[in-house]
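Input: structures, listed below.
The following pair of complexes shares a single chain, chain A, combined with chain B in the former and chain C in the latter.
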Partner chain A sequence: MKRKKSARPKLQVQNEKTRSKGVSQWNIAWRRFKKNRAALVGALIVGFVIFLAVFDALVAPFPPNATPGFYTGETRSPPSLKYLFGTDYIGKDVFSQVVYGARSALFVGFASAAIAMSLAVLVGLISGYYGGIIDNILMRITEIFLVIPFLLILLVFLKVITSISPSGGGLSMVVLMIGLFSWAADARIIRGEVLRVKSSQFIEASKALGASKTRIVFRHVFPNVLHIIIVLTTLMIATAILVEAAISFLGFGDAAAITWGQQLQKANEAVKEAWWEGVFPGLFITLLVLGFSLLGNGLRDALDPRLRE
Partner chain B sequence: MPRYIIRRIMYLIPLFFGVLIIVFVASRLAGDPVRLMTVQNPRITPEARDNLTAYYGLDQPLYVQFFLFLSQLFQGNLGNAYAIRGGTAVTTLIGDYAWLTFELQLAALFLSLLIAIPIGIISAKKQYSKLDVTVTTTSLVGTCIPIFYMGIIAIIIFSYILGWFPYGGAHSILPERYPFGSYVLDELWHMALPTAVLTFATLAPIVLLVRSSMLEVLRQDYILAARASGLSERSVIYKHALRNTLIPIVTYVGLYFGAMLAGAPVTETVFNWPGVGRLFVEATTKLDFPVIMGITVFITIMTLIANLVTDITYGYIDPRIRVE
Partner chain C sequence: MMTKEILKIENLKTYFDTWAGMVKAVDGVSLDVREGETLGLVGESGSGKSVTALSILRIVPRPGKIIDGRILYKGENLLEKTEKELQEIRGGQIGYIFQDPATSLNPVFSVADQLIEVIRRHQNVTKKEALEKAIELFRLVEIPDPEIKIWSYPHQLSGGMKQRMAVARALSCQPSLLLADEPTTNLDVTIQAQILKLMKNLKDKLGMSMILITHDMGVVAGVADRITVLYAGRVCETADTKTIFYNPRHPYTKALLTAVPSLALKKGKLEVIPGNIPNLIEPPSGCRFHPRCEYAKPKCAKKIPPLIEIEPEHYVACIRASEIEIKSPLGAKANE
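Let's turn to the complex of A and B:
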């Protein structure tokens, strides 16, 4: 650490000589991200799925939940030119259903991650910056959420939702539950990072200049932990997609929604007769999760200020 | 050391009760098991329903129910199931199912550590070589495949197409089908596929962790010192570096074991494995409160014990922790 600090002024001088003004942290990160092939592959995969989700009606040959094979007797027929990924037990085109699943997968990923990360950032910032008794209370709550058997409690809570309103809140409720129960680990990481930033000298300096606590937290601490938050969010999206798939697979998801997990659950009843029913939705889950993981790892390498060469 | 252990235990007790309260309240909100049980009986009278509710103690206020549950818990009694297996005692139920869960999870954890540690070390030793790239790519993809998907693919290939392994369950239905007439061999035969899948799923993140931890250690000054003093590469890596590499692995494995147990419902559903995970799914669907609470108690205690063992081992292998 000490050696790095002494090297920093030299680096800045170099930058000023070779580059024109205005090379921001984000510019540097972007330049490094561009060089990372794995990260670009991740971005490409995520971009592809976003494309599917936006233009699903144009890409998919059949409307959602249509059963073109039902009337022609083509139920559970293997992949062919007409049905790229085959048809399922009531003659739905698996390819179309997979395409429509893209939107749910992205919704689950982004929305769950948004909920979980808001909680994690809030708890992490408050706990890390204010310390003392607030920190103590918040960390004890965090620990409960860390040891709670995650999947078990999700199943019980989803059951609660369906019992309170029989129609269920649909996919949004699944999303809410995933978000509410997966913030704890990230809150801890953010808190640790806040503690690290808090002890740096520029915080000391702005305190000495008389900045208010709120100002310090939002103007100085938050921007300096932002890179961690971005990385954790990307990885959280990947986890949320996996969790939703598992919940749907166990039959606790939203049965009315078209998700890849739901498709896998139905396919599991007949893997022997129709492998294509499950193989393709599962492939897309893996692909999208891989995309977000690669993206997250790439962002971690690009954004970490300590890795600067 | 004993004082450290006692302090850790004292610290875990409130966590345990925190989890219990959340699951207890949530499960009671999840619906009315009496209605679920009687919904198919057209001749049921409201009085009979009330009697049944009173019989299960569900007419009491929530906090009374909770304290009754706690007082039973301290006597080692988790109550009787409402309907599962004709209302067997939950402790008996867990006793019957838990071993199968443990068997699978521990076998997978043990095997994956056995395979992951050498692979991670070799991969770190030859950083950026073809082998390293292959290992890291495979592991990264491995962490992205949902475990049930991996299970389905394995069943399609090895059970249906090749016919090498049974496609589910822990035992053959008929004793005549046991390979060589042995009950143990039959169970091992049924275990092979789930264990292999779970091992691969567990393996992937551990390989990545061992590799990055090893790389971190190899960058340290004392490794340079060891090399400079003329030690062989083998001795540098396996004697000096490996011990320090293992520190994060121990933490990870302890925490991961809890996650594996909590993830048991998924693994066990794919392979139709009669463990506590599948039992929990059944209990939640049927709103069998005593079974839900019993399994939660069981898995939470196991998770906490894993955390405790991790803490103690950590204090043992990393002397810096003990001093603090």
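Let's turn to the complex of A and C:
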């Protein structure tokens, strides 16, 4: 409605004070995002986990490696007021472990996604914009990464690395591996989007106005595929967290790190007697992945310029 | 009375190497634009108008390639320039307006950002000075409340506004030649007239030359000083506007004129040119128009008609030009 008004000169004068700057696509996206309840729930969950990660020492009743139940004989004791989520096999407080696990989960998610998305964006942009032989080479490499069984190769690599050097780089190595092996699919999606944007007339127009190739790629193409990149990143974070949990559960992760996956693995041997050992970390994995997925879907709906209301 | 040429295209050939074969989109086009004049480039869809214009700036999209010819801008051959030199010319010396204002603006940046970008690309000014220049340009293209409107995003502007903005962007660095590729095709009729009038005024005000590409004879009638008619990648006829309208010598020019709705209304019947523009991979031999031409004779299929000066300043590419009597649908008003 506002738009119609501003087309009429008389009413426009009244609009002047209320609107000095235009409404950017980001403003519109934010407005749309706010209306999406599922996305807000996702943001809330993610926010909550970030809160846990930042203030873990304050929230958790026990220090990271404390085994308060060990001396009192309260190993594998069920949830109580003292131990909200019960204790594990050596008397660690499961609730404290879950809280400390939040930081690892976010570290794994953000760091892996950062590595994977940097690669994906770089390959997608270069491949899509320059085309030709460069595109051909990059896409064949991408396909190689797409066809190898992702989880299997990760496990093999991690096994090899830990057998070469027993410390193996720990959680960071897991993160690096996840990042290096999960960019391919997103690179393809970004490349496709770049191809779409590249054929738009405004790219041709900026060429006609004297813009250089690099300028066109970073100033005109990149901002127009940014919305896709943001969405893919949130989904990549969720995947990375899941993959780390899977690796840890299978016993290939960093045993010294406090992660939800490690907790699951240790709980594995006593599922029947002490369900709380596994259920709570599992619940948090599910919750956080759900949170990032909802957030990602919400962002996609909000940022896609084709979905105009 | 010959004024200096600002742009001279000689025997330009731009081909597209596609899987189906070599598409000869522009096949030996020669034309010239003189200082301060508007040249109308007219033809059906697919006649090579846009490709000619894109060739001038050497931004023909892949797989298009300029095979042959010379493009002399102020005496210098643009086809021999390096990419870097060309980037200075694009937007700085030669402005370009695209057909569809809705898609020729970047949707994620405000209009101000896009204008400032171009201004700072070609002129050594600060951001603030560039903004002032941008607002000045908005005033020039008659956009009301430029200080406010300049911060809007493309999706907030109407089609006419967007095209004004595109005109402003093309003019931002005072080019001496403006290429306008169907600048009014996607606008409604009243806005069309406004934009055309604006462009004409600005051209005179800034002392530019202009190539106006259009398929609409009505558009070109009011704006162009001279007209070059293209058909299937070749020039059919070049003459001043009045001659083209009242004394055309090429059958295709006449056919185009008969197909103008407002002229046809006088006769009560709208005529169409039978057939389609030919396949440009294997174009008809000889004169490319002969399969659709009402005056065609067997010899038309044999020889490629050269572009000859049939009378002063009037070039026609038709071997039967002197044999046939062509009556303009507007009637012969040679001395009006």
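The criterion applied here is as follows: the second predicted complex is superposed on the first by the 289 of 309 C-alpha atoms of A that agree within 3 Å, B and C clash if a C-alpha of one lies under 4 Å from a C-alpha of the other, contacts with A are read in each partner's own complex, and residues count from 1 in each chain.
The definition used in the following text is that a contact is a pair of C-beta atoms (placed from the backbone, for glycine too) under 8 Å apart; a residue touches a chain by one contact, two chains touch by 3 or more.
Keep in mind the model is a prediction, meaning the values are calculated, not measured.
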Message: Is A:163 touching anything from chain B or chain C once the two structures are fitted on A? First, second, both or neither.
response: first
- prompt: Given the touch rule stated above, what does A:147 touch, chain B (first), chain C (second), both, or neither?
  reply: first
Message: Contacts for A:220 in the overlay, against chain B (first) and chain C (second): which applies, first, second, both or neither?
response: second
Field: Which superposed partner A:242 touches (first chain B, second chain C, both, neither)
entry: first
Query: With the two structures laid over each other on chain A, which partner does A:212 touch: chain B (first), chain C (second), both, or neither?
result: second
Message: Applying the document's definition of touch, where does A:202 land relative to chain B and chain C: first, second, both, or neither?
response: second
Query: Of chain B and chain C, which one touches more of chain A's residues?
result: B
Task: Could you please specify the touching residues of chain B with respect to chain A in the complex?
output: 14-15, 18-19, 22-23, 26-27, 29-31, 140-141, 143-149, 152-153, 155-156, 160, 167, 258-259, 261-263, 265-266, 269-270, 280-281, 284-285, 287, 292, 295-296, 299-300, 303-304, 307
Message: Show me the residue ranges of chain C that touch chain A in the complex, using the header's touch definition.
response: 57, 59, 61-62, 87-92, 95-96, 98-100, 103-111, 117-118, 121-122, 144-145, 148, 151-153, 155-156, 158, 166, 169-170
Statement: Per the touch rule, the chain A residues reaching chain B in their complex are 140, 143-144, 147-153, 155-157, 159-160, 163-164, 238, 242, 245-246, 249-252, 264, 267-268, 271-272, 275, 278-279, 282, 285-286, 289-290, 293-294, 297
Query: Of all residues in chain A, which touch chain C in the complex?
result: 3, 6-7, 9, 12, 16, 19-25, 131, 200-202, 204-212, 219-220, 223-224, 226, 305
